[in-house]
Structures are given as structure tokens and as C-alpha cells.
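We just call them A, B, C and D in the order they show up, numbering each chain from 1.
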Amino acid sequence: MAGKGRVKVGIIGSQFEAEIHAASFQMIPDEAEVVAIASPTPGHAKKLADRYGITRVFTDYRQMLAEKDIEMVTIAAPNYLHAQMTIDIAGAGKHVLCEKPLCMTMEEADRMIETCRRKGVLLMYAEELFFTPKYVKAKEMADQGAFGKVYLVKQLEKHFGPHAAWFWDVQKSGGGVFMDMGCHGIAFCYWFLGRPKIESVYCQMATHVHADKTKGEDDAICVLEFASGAVGLIEDSWARRGGMEDRIEVYGEGGVTYANLHMGNALPTYSEYGYGYAVEKAPTTKGWTYPVFEELWNYGFPQEMRHFARCVRGKEQPQATGEDGRLVQEVLYAGYQSAATGAKVQLPFRPDGVKRPIDLWLGAR
Amino acid sequence: MAGKGRVKVGIIGSQFEAEIHAASFQMIPDEAEVVAIASPTPGHAKKLADRYGITRVFTDYRQMLAEKDIEMVTIAAPNYLHAQMTIDIAGAGKHVLCEKPLCMTMEEADRMIETCRRKGVLLMYAEELFFTPKYVKAKEMADQGAFGKVYLVKQLEKHFGPHAAWFWDVQKSGGGVFMDMGCHGIAFCYWFLGRPKIESVYCQMATHVHADKTKGEDDAICVLEFASGAVGLIEDSWARRGGMEDRIEVYGEGGVTYANLHMGNALPTYSEYGYGYAVEKAPTTKGWTYPVFEELWNYGFPQEMRHFARCVRGKEQPQATGEDGRLVQEVLYAGYQSAATGAKVQLPFRPDGVKRPIDLWLGAR
Amino acid sequence: MAGKGRVKVGIIGSQFEAEIHAASFQMIPDEAEVVAIASPTPGHAKKLADRYGITRVFTDYRQMLAEKDIEMVTIAAPNYLHAQMTIDIAGAGKHVLCEKPLCMTMEEADRMIETCRRKGVLLMYAEELFFTPKYVKAKEMADQGAFGKVYLVKQLEKHFGPHAAWFWDVQKSGGGVFMDMGCHGIAFCYWFLGRPKIESVYCQMATHVHADKTKGEDDAICVLEFASGAVGLIEDSWARRGGMEDRIEVYGEGGVTYANLHMGNALPTYSEYGYGYAVEKAPTTKGWTYPVFEELWNYGFPQEMRHFARCVRGKEQPQATGEDGRLVQEVLYAGYQSAATGAKVQLPFRPDGVKRPIDLWLGAR
Amino acid sequence: MAGKGRVKVGIIGSQFEAEIHAASFQMIPDEAEVVAIASPTPGHAKKLADRYGITRVFTDYRQMLAEKDIEMVTIAAPNYLHAQMTIDIAGAGKHVLCEKPLCMTMEEADRMIETCRRKGVLLMYAEELFFTPKYVKAKEMADQGAFGKVYLVKQLEKHFGPHAAWFWDVQKSGGGVFMDMGCHGIAFCYWFLGRPKIESVYCQMATHVHADKTKGEDDAICVLEFASGAVGLIEDSWARRGGMEDRIEVYGEGGVTYANLHMGNALPTYSEYGYGYAVEKAPTTKGWTYPVFEELWNYGFPQEMRHFARCVRGKEQPQATGEDGRLVQEVLYAGYQSAATGAKVQLPFRPDGVKRPIDLWLGAR
């Protein structure tokens, strides 16, 4: 499957993440175009397709996979479906771009990687933080020696709850906010530090606010120890009011940097009347707000999609792979185990027959 | 000249602005490509061309104009050359993208506009602030009614001196910092408010720091009165230490917003060792700094070039034209006159036979 | 009048400013105590007195002046009453602390100064910005040479309208926001730069939002030229939404500093439920707000009162005097004249027989 | 010991902390005065005494304790001396104000408390964060219900190393940065949340940068679990470049607030030439810096001293006591134990016969 011209893309999903995919591909018309969407709820995919001028719509993604010209399929579906979808996509000879977290179990992760390898397709892992321009700048400075040896990297991501109902159902999500957003922080620290071995994981978890909606944790603190001696500190919350917050801090023996994607880029604004849009998950546009500009671009989504489209064309090598996703998955398991036991968990950590990361924590409560 | 595919671009110039053009076009490969550069100093154009993989290099831009495939030529040359170059480019049947300010005299502005009209080519005026994403967001909010009636718009742009020596020579530049950067603020306020008639101009100017280098003013404050009753307040300086500063404030009866392209986007950073690059005109990368990320994109240059390339293809209508540039030029003249007299100057203002805007001020000192 | 122990203070007024006086003296119990309040509206003074444990209350300030033990009287009354009150207080042999602006006319200013001189009492001018700790730090750095020669000082003060109804009535206030708050900016720039001669004044004024309430301007921009070559840029508004804003910027050939008393000190806060108090003139405590801490202290009021009390005891020399107030008054007149003519006005400027500064502007509209 | 007038204070110590005491008492002349200083190194105390106009100087603090008029003695000496000094001071019938952390061992803490109780003197614990005005504002908002139920409180304090050499010597300090500054964070979270029972402690510690100087940790992360379900997250570092950093974050189900004592109050400043003083532990005053204003006041030191002086006079009840210090001490022990074991440690935690908190960690390495 050599391929030329724009990469033809199919999207599985029709909600928040699927729209991000559609919008992001639209911003890189030289590299790719979305030609089809599949989503089981009739009408949902159609609406999204109409908004983005996408002509082919399916309720069964397997039908979409029969479309010959599609070269890459992105998965923006609930976590528990990722593995089967990946295997089906690979089976159809198409490249896979799977949203985070990669899947539910370590066995699934293994099977996804192995199947894609066997079928000769790429398994790409959608970690947009590797492409967030402000964070990329921080990493560039670190790699240029600005901070000397980096000993602490922090990433924090907080808002007041997920954008789709299935996240609250741990059967479908596999966990709470640590599963949903902790995966970003784990991947980020690992990537920022140059992928050193992760030695241990400690997690503090609680359901402070949303116990009426979910068994999952809505707040998590995670400490990673790397073989290099560096430490990662990750905070995630579904209990933080006032809209989205995503920021990092980097501490080295020779310096420090702070990057905030929200308050740190925003236009501090007061409005009596409100306006169109402030920021992801903002409760209002009236009063004081922190609107952002070109939100998708500042998160790095179009850059991420450009990269993956170029990988399909062989112009670049995937910077976020199934292997990255599998490692993150292992850390998620270790994290829930740690929250259950109150002790740091050493890696490698491969508990047998655990269906979801969160089961390790829920079982112990 | 219908044209298809990528717009073929030639650049006149080889320094700071020319490089911004080259780099910006490189970021929009789907819309345009730079195929040639012309610059009189042998070697200069060659170096830039090599950095950006541009194959054709000329020391005389008129030779470049003979290249048949070139459809658009950008002018990144000293101000005093803009008019003749524009007329030559139009004469060659190519579209013109002229850097700010448009030219030296009102008569030149008229001739540039008239020639391009006659030759059927576009005269586009390179005001990137119309494309600066953070400022575009501010305008969107204003247009959505966030602030009710806007009564005051401010734009400020300051650093410690221009990037090329010819700016210091008022024979070549036509003025000091008000000519160099005030043109941004004038255009910005006018555009932000929806292009209401400008009624009067007041300017405060002085050469506080760089009198050894230039007869031009290195600091300027400008007040614009619009027919709508709104006021514009513009500040420009070549005497501000610590790197580039560019920010706006918008005040309406129903709200307010602040947008800062530098400190307001930056990663506050401390480094003992330094790193690659902080921000335009930063004195150092050691100690505390305010590095920006994706600087060209955050200024709006690639977005501007995309727009102009699409205008050439007839996909969009120019948002910044020779007429805009001419109006800015008139305000520049009025500003220097005001600084000379200490009184606001009403528009229209068309002094006869004045060779450079700054002459109105220098003559009065 | 030697005096020992705590300075005994009487306050004229019972509203916003009078309360600031009472609260500020309460914070410096080692230097002064408020023993009496006078306010014409029965009940008003009593309420304030009760809140601050002040035992003597008068409806006629002249009765208060008969109290032998009172050594200093502060004037927190409408501007048009300042002169007569000052003369009465001085006549009673007590020191005067007069709120800004000093008075209505230049003749009044002369008389106030002359009377206090003759009576041997201090005429102190309540410019708290000379005591604002954050601004004092900026001045210290400037005086230590941090910025080399300072060429531009800016002060800005904005909110959505005054705290008492008499401000809207130009008969009582003498002017709009420039009279109310421009006096701060004028005094500040003058003081910051070391009291160089003021050579000229330019003003831009308009009534953008509150024309239904006042004939006074609700927005003003003012440019001062100093004999040193430095420039002052002052902005004031009663038309800025979202609470109080007070900030300065200082530009020198060797550096720059920014000090913001509000957003720049605040605790960025989001609250669904609201809380006690955010900041002067804040519209709400719900949603995002910028609450400040120890507001009076951060404005410098208790420090100011301590200074003036110590002046009464001869421990310090007044840093803000009637002469300062008179100069500010002259600049106010020049400012309104400039707004009327659209031209900068040279100092000295002593128009004869003008009853209020704003008359110069209103007469010309 | 009823006492009237200003509380007479003696200080033990002559370095950084002792100077803070002297300067702070000087700011509250109505409540207290420092009359004596004791410090073993001849000359040290004298120099400090001269700077602050203190007349009595001792090399042996026991001699100072013989001074009849001294009513309160503050301890600004290395940690390992706190207990004996406290007992001696109490033995002399004087009130004790002991710097943080309270002491070395739990047994010492018990003895200090018991002795002061028996002798009828106050044992006050110098935790200035209870008086930091910006943090007090955060607590006021929380107590007013701004955030609903608070589930997470964070406090972070970082710089590049302590101000006196004895901190590096764990024999004298009892631990590294967690002992030195973690005690602030522990006390802060506990106080902010209304002193709920602390249930467990988890700590991550490492010596990233200063292993050549100390066996102590130079970076620590600590997670506290409270009986209320709330969590405390504390970060401390001696390895952070660029000057002092002290900030908090508060997350509740109904809101959030951020308070930063340094960047969040500072005047962002650029200076080519430098100036007097930027902030505690700043490496330079050249280039970009974040100078603070009225630093002691913004940390809360004079407010703290005022409170303690008033406690001595019976006007207030101590808000920070030996019992607070003992609890912090217990958490310090638990923290080092946790860092050693990699597991959270439940309170109460009273290991027998451990001479210093850090021994629990060092023994395990």
C-alpha cells in the first residue's frame, strides 16, 4: 500500500473526540482528508459528516472498513472497544490511529501491537501532548540544555468532568480520571525525559465530588520514578471548576520553566453579555473568563494528525506508537494497584486476568 | 492569469522580513511556494535561498520579474523602494504583496494603487496583525457583542531598535518608530473597529535613547479619533529593553479584554546555561526569560501568506489592500504633523510635496 | 502645638473615603486615633463612628473644630467644599489633611496654602500613590538606577464609575474622571520622576458610557511633557467593567518595570457560590474573580496616614503638600483646556475666573 | 507576669531568621520591642544589634535569660538546639517563640510542651504562613464557602538552598528540605482545612543536586490524607533555580483559587544595570527579575510577631502552638519513614529512640 496524494481517512466515532479529528484533518488539507465516518447511533455520524463535508457515513464501522480507498482509520470510541476495532482495522489492511488510552488490558495491548505488526500496518497512539506547541518548546529548551539535568517534570490536567457519559461507567472506560487523563501525564513525562525506564508508580486517588455519577476516581495524584533518577508528578481531576486547565512545570539543576495552555495563553476578558466560545468545558462566557485562541492548534491536534498522515506516507516515523500506549497502560494498572495498597508499585507490573485497571483499586476499597 | 496549484512566489529582499516571508510560505506548502529571491548584495539572497531550498537567485529584482512562472512578488525591501518596485512588479503582470508601511509619499500610494488597478493585479498590504490569532480572537469576541460598543482600542509594540540598519536612516525609512511600527497600530485599531472613518490624529514623539543613531523618533504615542466616537491609543518604541512586546487592550461599555503576544503567551523560564532562542530581539536566553513558541504562527505570518496566496487564486478577497496602506500613510503624515505642532490634525490631510512623513516633524524641531 | 502621644484626628465625611480614613487610622494605633467624625446627614456619621468605636459625632464640622484636643482634621467631602473646610480647619489651629483633588480653582488653592501657612498648620495632600508599596518599590528601583534614565512613566486607573453620587455632578466635583482620578496619575508621574517641571499637557476626553448620568468625561487620556524630556501617559476611566484596575509602567533606557495592583496581586479565583469581598467596585464574587488581599494596605492608605500623623508630630516632613495639590490642579485646568482645543497646553497655565476645571472643556463642546 | 506596655523581647540567633525577627518587631513598635540578642559567635549578635538599635548583646543565651525585664524569647537557632533552649527559657519564666520545625524528636516535643505548661509560659510555634496575608485571604474565602467542600490543598516552597550552612548538616537540622520547608506545608494544609485529623503521609524524596553538600534530601513531594477526606499535596525543593517560590492552590467542589507570593505579586522587571534587592535568594537583579515589595509583610512575619506579642499580653490566644509543632514533627517522622518504605504511613506514628526524622530515611537507603 504505497499511496500518494492526500491520505484518505475514516473516523470511528461521532462525538467530542471524533469532531476534534475531523476538524484537525480539515486544517491539514495538503496531507489528508476524511472521507468517511462510522458511528452506531443513527444520525450522529450524519450530523458530524455534514458539518465537515464528509460524504460517506456508516453505522457499522466494519462496513466502513470495506471501503477500498481508506488508508487510515482513527478510533474515537469508548476505551473498551479500542482493541477489537484496532484488530478489525488492521485486518482490513488499514493503518490505525487509536485514541488514548490504548485499551483496557495488557493482553489487549499485546494483541493490538502484534496484529498490526503482522498485518504490516502502523499502530499509532494519539497522544497530542507530544505535539502541543508550547510543550514542544519546553522540551526543545530542555534538549538544548537550558535546565541542565532535569529532575522533576509535572503535568496537570483538570476540569469538571468528561465530555461523554460513557466515561462515568467504569465498565466502558476502565477507570476514572486517572485512566482518562492520567494517560496524558504518564506519556508526557516519559516523552519529555527521553523515554527512560519507569521504575515505580505511586498513586493517590479519591472520588471527592462525583460519587453520584461514577465508581471511578475523580481526582488523582501520581508520582513516577524514572531510572534516570528523575521524578514525574501528575495531577488529574474531574472536580476542578471553571473550565479546562492543562499545564506543565520542568525543574532541572540549571533552571526551570512553566507552561500553561489555558490561563497562560488566554486573553483575560470581562463580558456583561457573553460571546461565542471561551475554552473547552468553560461554564460560561459572562463575567471574567479566560478565552483561548485557536484551541485545537494550541493543543497540537492538527500537528498530531499531520504527523500521523505523513507517517502513513512514509515521510515520518511514528512518534507515538502502540508500544508507548502499552507502557502507559502498564503504568495505569500499577497506579490503581498503588492507590489500592498505599505503596509504590515497581515496574514491570503485569497482573493476570484483571479486566480493567480500576478493578485493582475498586476491589480493595 | 488564472493559475492553478501552488502559487509561485518571488521575494525581493534577503534580510529579516524576507526570511519571515520565506519561512511563512514554507509553512503553507499546499497554497504557495517560493521559487525565487532577489537581493542586490551578492551572497545575501543566496544564503537565504539555500536555507529554504529556493533555487533561483537574482541580484536585480527586475531580472526576477522576467521569470514567467512567478505569479506573486513580495517586497521586503527598505520603505523608500516600495513604490518603484510595486510599479515594476505590476508592470510585469504579477501580483504585489508589499510590506508595511506602504511607501513614502501619498503620491506614491496613489500611483501604486492606480498602476496595480490598471494592470489587473492585486496590491496586497502586509499587515500581519489582521491575522494574529490571539488578536483575531479578540475581534471575534468584540464582533459577537462581548464588549457592547467598543470605545477604546489600544495597541502597543516595543523593542530596543530595528533589525536592519536602513531603519535608522530616515531618508530610506521615512520616519522612526512611528513609521516602522505605528503603521501596525493604526491599521489594527481601524480594522478592529470595523474601518470607521478616522477623524483626527494626535502624536507625541521623542528621540529618547538613540539620538546617536538616528534623526527619527524612537518613542511615539498616538491618539486616533474615529467617526464612531471610539478612540485608538497606540504606543511604539525602539527604546524598550528586554525583547519584543506586542499587546492590545479593548474597552467596551460591556466589557474588556487584554491580549499580550509575548509575556501573555510565554513560558516563564529560568536558565543558567541558555538555550536556542527566546523571542524576537531578546537580549539573552540566560537568567529569567519569556520564550515564545511557534513565533511566526503566533504573529500570524503564515496565516497572512496563506490568505494572500488564496487571494491570488481567487479563493478569498484581500483583507488588507493598497487602500488600507494609503490610509495608514495618511495617518502617518498626520501624526508627524501633529507631533510638530502639538495639536491634533484632522483628516483628510494631504500636504503637498512632502518627501517623507518625518519631514513634517523634523522641519519643525 | 507641640503634642505628644497619639495624634487625635477628626474626620469630615462619612462615606467611602471617610471610611478608608477611619479604617486606615485604626491600623496605625501607635501613631494616631480618630476621636470624632462630622457629616451633615444625620445618622451617617453615627453609623461609621459606631463601626470604628469613635465616640464624638457632629453634623456640623465647625462644631467639631471647637474640640480642643483634635490636632488634625481630614477632609473626605465633595471637592467643592475642600477650600472652605481647609480654611476653617486652619482657622481653628488644626492640621489639614485634604483628599484629592485639592479644590476647584487655582485661587482656592492659593488661599488654602496661604491660610495654612499663616496659621502655622500643615496642609497635607492625600495622594496615597506616594505610599502604595508596590509603586514605592518601582520608584526605589528607578532611584537605584535600575532603568537608567526614565523616559516614560504610565499610570492607569479604571473602573465603572465613582462610589458617591456627587461625582456625577460637575458642579460639586469640578470635572469627570480626569478630575477624580487623573489627579492621581499627574501626581504619580511627577513624584516618580523626582518632581521635574511640567512643560505641557495634552488630553483626550469623551463621555462614552455615562452621558445619562453626567456631563463629565468618563474616559480620559493625558500626555505630560516634563522638562527632563520624560513623558507621562495617564489613562483614567469610569467606563471599564469588571472592577478596579490600577497599574503603572516605567520605561528607561536601561530597563522597564510593570506593577499592577489588581490582577497583578490577586488570587485568580473561581467560585460557584461567591464569598465576602473581591475588590473595590467588583461586580460580583461569583465565577472567575480577582480578589485582592489587605486592600487598604496594598493601596498605601495606612502608610499614608502614618506618615501624616508623624508629620504632625514633627517626625517626618510632608511628602505630599498643598503645593503638590496646586500643581495637580493647574494640570487639571490645562488638561480640560487641551481637550477643548485639541492642542497641548503649555504650563504655567492660569486662566482667570474659571469656576471649575471642566468648564474649559464643556464651554467648548 | 501580667505586664503592660510593649512586650520586651530577646532573640537567640544572629543570622537570617534572627534578622527577620528583629526587622519584624521593629515594624510593630506599639506591641513589642527587642531589647536583647544572644548569639555564641562574638561579633555576630553585635552587628545585628547595631543595625536594629538593640542595646544588650550576649554570647551565652543563658545570660540573656537572667535579664529580668525580658518577657518573651524567640529562638532562631539550629533545630537541634530548640528543645534545650525552650526548656531553659521556660525555666527562666519567659514566654517562648520557637522557629519551625519545633525540634528534633517527639520526646523533645513532649518535654517542651510539658515544661512550658508547668512553668506557666506560652510555647508559641513560628509558622508565619498562618499570617501570610495572601494566604489568609484564601482561607477567608474558603471559610466563607467560596469553594464548597475543599478536597485538595497544595503548598509549594522552593529555592536553591538554605541560607545558613547548618541546614546542610543533618546532625544539626534533622533532615533536608522536607524538614526545613515541608514543615510549612504540613502546618499550612492542616490549618487551612480547619485542623482535621491527619490519617496518613506519603513522601517522595531525593537528593538531585546537592549531594556534594548534604546527606539530606533536596527535593520532596508529600501527600497527606485527612480524616475529612481532603488531601494535602506539598512540594519542597532546595534545587529550584531563579530565587524563591512560595505558592498555594485550593480546590473545592465549588471552586478553586491560586495564590503565588512571588511571581504572583511581583513587578516583572528588566534591568541592564541591576538594583538593590529583588527577592529572597534571587541570583541577580540584572536581566529579567521578579522583585517583590514589602517582602516581610507579604510573608506575614510582622503580623505573626504582633500576634505573639499580643498573646503574651493576653489579648489573643496563640494560633500556632507547641501542639501544632509536635503534630508537624510527627508528620515529618512519618514522611521520612514513608520515603524509606515507599508506602504511606498511618498516623499516629511514634517510632522509639530515633534521634532525627531523616534517620528513618537514611537508614533505609
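Here is the rule we use: contacts are C-beta pairs under 8 Å (C-beta built on N, C-alpha and C of every residue); 3 or more make two chains touch, one makes a residue touch a chain.
In this text the structure is predicted, and so the values were computed from the model without any measurement.
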Which of B-C and A-C has more C-beta contact pairs: B-C
Find the chain most remote from chain B, comparing centres computed as mean CA coordinates. D
Between chain B and chain C, what's the gap in Å when you average each chain's C-alpha atoms? 41
Suppose each chain is reduced to the average of its Cα coordinates; what separation in Å results between chain A and chain C? 54
Touching two or more other chains - residue numbers and ranges from chain D: 241-242, 254-256, 268, 270-272
Footprint of chain C on chain B - complex, ascending: 149, 151-152, 158, 200, 202, 204, 206, 208-209, 219, 221, 223, 225, 229, 231, 233, 235, 237, 239-242, 251-256, 341-344
In their complex, what parts of chain D are in touch with chain B? 241-242, 263, 268, 270-272, 283-284, 286-290
Which residues of chain B touch chain A in the complex? 29-30, 133-134, 136-138, 140-141, 144-148, 254-259, 264-265, 267-276, 285, 291-294, 297
